[in-house]
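Across the two complexes that follow, subunit A remains constant while its partner is subunit B and subsequently subunit C.
Up next, the complex of A and B:
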């Protein structure tokens, strides 16, 4: 029974983690500008992230250690400090983008300016983490997150041409705006393979006390959970391609992206979009904030756990509190949530080597994983992630300058 | 000292002990093995004398200048009274692939100075959440 319940962890990670502000923004742009041509980065990213999530869960189940914990222990403090600081900075930006997403959803519904909502949203996110246990966060956001299926339903109602969807799954060269095309492709990948998801997932597996008997469950969770998240992103690209592209709307602004559901659901479309965006971003914001706290606490060996009374892990609570407050200041001081999101997704892609390389080393450590070490397929995929991530890191910065504007 | 089954005999200091998670008797996480101090003995192999924990120890591993800087900050703003917490190797109860257990109570050591300070000065003043207690009772069942 408990094992069936752990499927919820996968669904939470996919709804809150897979489908978040980054996927929404990149999917809307991909569909709005290049219609169905950019489905392939999503497909590629999904395959890669299924493998990475499976590995991080397997690692936690076999060693009882979350990733940041194991990296500090086995690769050493000096090797981990640089990546840790860089990833913390990226987490801070991602958290800002997620909080911006919730604020924008509230702005759509109320008409009040986005910065107005920054502090109330920060307080709400914090209260959610402060009051509830890990399983409560898991269950509530995964149930509410089902609302994002609205994108899949809307895509289905538009009856997109199957042949074009299949064609979009294969990489092709752009017919126009090459810099923008590659920038969106990199951002799509960055939005799918987010570092915080791996750290959150493996720490969650430790919180849920997984052991080797969970290896099978973990495999199911990664495939079903990530597949589910990916389906929602495909839905978002399809509706953007069908609704925005023919009208020449490029989704340069979240207001434009908000139109995607209005053709399928004329009356409720706007509200549905706001609700889906708000909930997906709230789920993701709690995950990113927790992920930051997990990573920091594990790096320094502090007591950690979302199920503990905050009196027992005061430093852990301080990290997520500080992170939420600091990230919300970005929105309070008027940083545009969409620009922040697109920038962050490209940066996500750029820091992937820091995530993938320690991963490859640990997953092949026979002393730690014994017979559960990576097989050649998993190693080939991780190696592909390493190579791809280095290429992405090199190209994403110039693309950010040329294609991002 | 009891060792976990399956742990190989060729224990590597830097790989298996340095940076390892340290827990107390109750398995409360109290920090990491930030430094290892060996005793050199004439005519006999060196042995581990004690482990060191603290931000200053970590800073020294990066550079002596950083160590002085971190220690200066600690003196001025820190709540930790001693920079280094030293635990003798004889206090080690257990060493597994995922933790090193010390025969101490974390709360009584300087490693918990910040934790205690935050609890007494900050957490105390915020309404307590519902979680924490129920979970413990569940564990005892």
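Up next, the complex of A and C:
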């Protein structure tokens, strides 16, 4: 029974981590500009992230250590410091983008300016983390996050041609606007393979006291959880392709994306979009803030744990408090949430080598993982992630200049 | 100590850097091509205004959404009109483009006012005008070899 309940961890990571503001923005752009042609980066990213999540859970279950903790312990503080600083910057930007997403959802509903909501949203996110336990965050976000299934239902209602969906699953060259095509493809991958998700997942597994008996459950969680998230993203691309693209709407702004559900659900579609965006971003914001606190605390060897009393891990709580406040200032001072999101997704892609390479080394450490070391399939997939991430790292910034709108 | 080079990734990095350089090198566009790219964005915003008006007419979006979307669209269209004014593109492309964009901004403003006053027949008329402007822009793009969706 307890192990069945751990499936909720996978759902949380899917809804809060997989389907977040980055997925929403990139999926709406992909469908709006290239219809169903860019389903393949999502499929590729999903396969890769299933392997990475499975590995991070397996690692935590066998070693009882979260990833940053293990990287620092086994590869040394000096080797980890550079990646840690870069990842902290990424965490900060992603958190800003997620807070921006919640603010935009509230802007849609109330009509009040996005910056108006920055501090109230920061306070709400902080309060949610301060007052609730890890399992409460897990359960509430995963249940409320089911609203994002509206994208799947809408996609189903529009009856998209199956042959075009299947064709979109195979990589093809763009018919027009190649720089934009590759930029969105990179951003989709950056939105799917988010570094914070791996750190959050492994730290969550330690919080949930996983041991080797959870390895089978972990596999199920990775596949079901990530599959669930991916299905929602596919739904978002399909509705954008069916609703926005034929009208010539490219979804360069969240106001444009907000129209995607209005044809499938007259009257409720707009509200559903705002609610789905707000909830998915709130789930992701709590994950990112926690991931930042986990990573920092594990890097410096501090006490950490969402279930501990704040007096027992004051520095851990201080990190997420400071991170939420600092990230919300980006939105308060008028940074455009969509532009911040697109920048963040490209940066996400650029920092993947810092995540994937140490991860690959650890997953092959026989002293640590014994018989649970990576097999050849997992190694091949991780190597693919390494190669892909280096290519993405080098091309993402020029593509941001050339292809980003 | 391991590093990125000891893993044999140097050739891959070189290739990726070359691809990135090529990507940047290919980014030079003629003024006309740049304007046609801008026209694509303008067309997207005109379509957004049109759909927003239609959905407001069908009670699918609130009046506040019409107002904020029109504000965002007008700001974007104004930027595009300014870019067009500075563009070195041939006048036979630039001038009609500027006219369409400026007109779309005005229609957007009237749409917002109609929504605020709950004047549905007027909002429907503005939606019709936006449809006409969208068609004119698509025709202009097509005549000049640009992409229209």
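By definition in this document, the second predicted complex is superposed on the first by the 405 of 405 C-alpha atoms of A that agree within 3 Å, B and C clash if a C-alpha of one lies under 4 Å from a C-alpha of the other, contacts with A are read in each partner's own complex, and residues count from 1 in each chain.
Here is the rule we use: a contact is a pair of C-beta atoms (placed from the backbone, for glycine too) under 8 Å apart; a residue touches a chain by one contact, two chains touch by 3 or more.
No experiment lies behind these values; they were computed from the predicted model shown.
Participant: Under the superposition described at the top, does placing subunit B and subunit C together on subunit A give a clash or a fit?
Facilitator: fit
Participant: Have a look at where A:361 lands relative to subunit B and subunit C in the superposition and call it first, second, both or neither.
Facilitator: In the superposed model, A:361 contacts subunit C only, not subunit B.
Participant: Looking at A:384 after the superposition, I want to know if it touches subunit B, subunit C, both of them or none. Which is it: first, second, both, neither?
Facilitator: Neither subunit B nor subunit C is touched by A:384.
Participant: Specify the angle subtended at the CA centre of subunit A by the CA centres of subunit B and subunit C, expressed in degrees to the nearest 10.
Facilitator: 140
Participant: First (subunit B), second (subunit C), both or neither: which does A:215 touch?
Facilitator: Touch partners of A:215: none, neither subunit B nor subunit C.
Participant: Of the partners subunit B and subunit C, which touch A:177 in the superposed model: first, second, both, neither?
Facilitator: So A:177 only meets subunit C here.
Participant: Thinking of the overlay built on chain A, is A:395 touched by subunit B (first), by subunit C (second), by both, or by neither?
Facilitator: After superposing on A, A:395 lies in contact with subunit C but is clear of subunit B.
Participant: Tell me which partner A:318 touches in the superposition: subunit B (first), subunit C (second), both or neither.
Facilitator: A:318 sits against subunit B, while subunit C stays out of touch.
Participant: By the touch definition at the top of the document, which applies to A:65: first (subunit B), second (subunit C), both, or neither?
Facilitator: The first partner, subunit B, only.
Participant: Quick check for you: in the superposed arrangement, does A:119 touch first (subunit B), second (subunit C), both or neither?
Facilitator: Once the two structures are laid over each other on A, A:119 reaches no partner at all.
Participant: Minimum Cα separation, subunit B versus subunit C, post-superposition (Å)?
Facilitator: 12
Participant: Can you give me the overlap between the subunit B contact set and the subunit C contact set on subunit A?
Facilitator: Comparing the two interfaces on subunit A, one with subunit B and one with subunit C, no residues are shared.
Participant: Show which residues of subunit C lie in contact with subunit A when the two form their complex.
Facilitator: Residues in contact with subunit A: 1-2, 4, 7, 9, 12-13, 16-17, 19-21, 23-24, 26-27, 40-41, 43-44, 47-48, 50-52, 55, 58-62, 64-65, 67-69, 72-73, 76, 134, 138, 147-149.
Participant: Of all residues in subunit A, which touch subunit B in the complex?
Facilitator: Those residues of subunit A that touch subunit B are 63-65, 69, 72-74, 76-78, 81, 130-133, 136, 297, 300-304, 307-315, 317-318, 367-368.
Participant: Which residues of subunit B touch subunit A in the complex?
Facilitator: Its residues touching subunit A are 8, 14-15, 18-22, 28-32, 34, 58, 61-62, 97-98, 106, 114-115, 118-119, 122-123, 126, 128-133, 135.
Participant: Which of the residues in subunit A end up touching subunit C in this complex?
Facilitator: 32, 79, 107-108, 110-111, 176-177, 179, 245-250, 252-253, 255-256, 258-259, 262, 266-267, 269-270, 353, 357, 361, 386-387, 390-391, 393-395, 397-399, 401-402, 405
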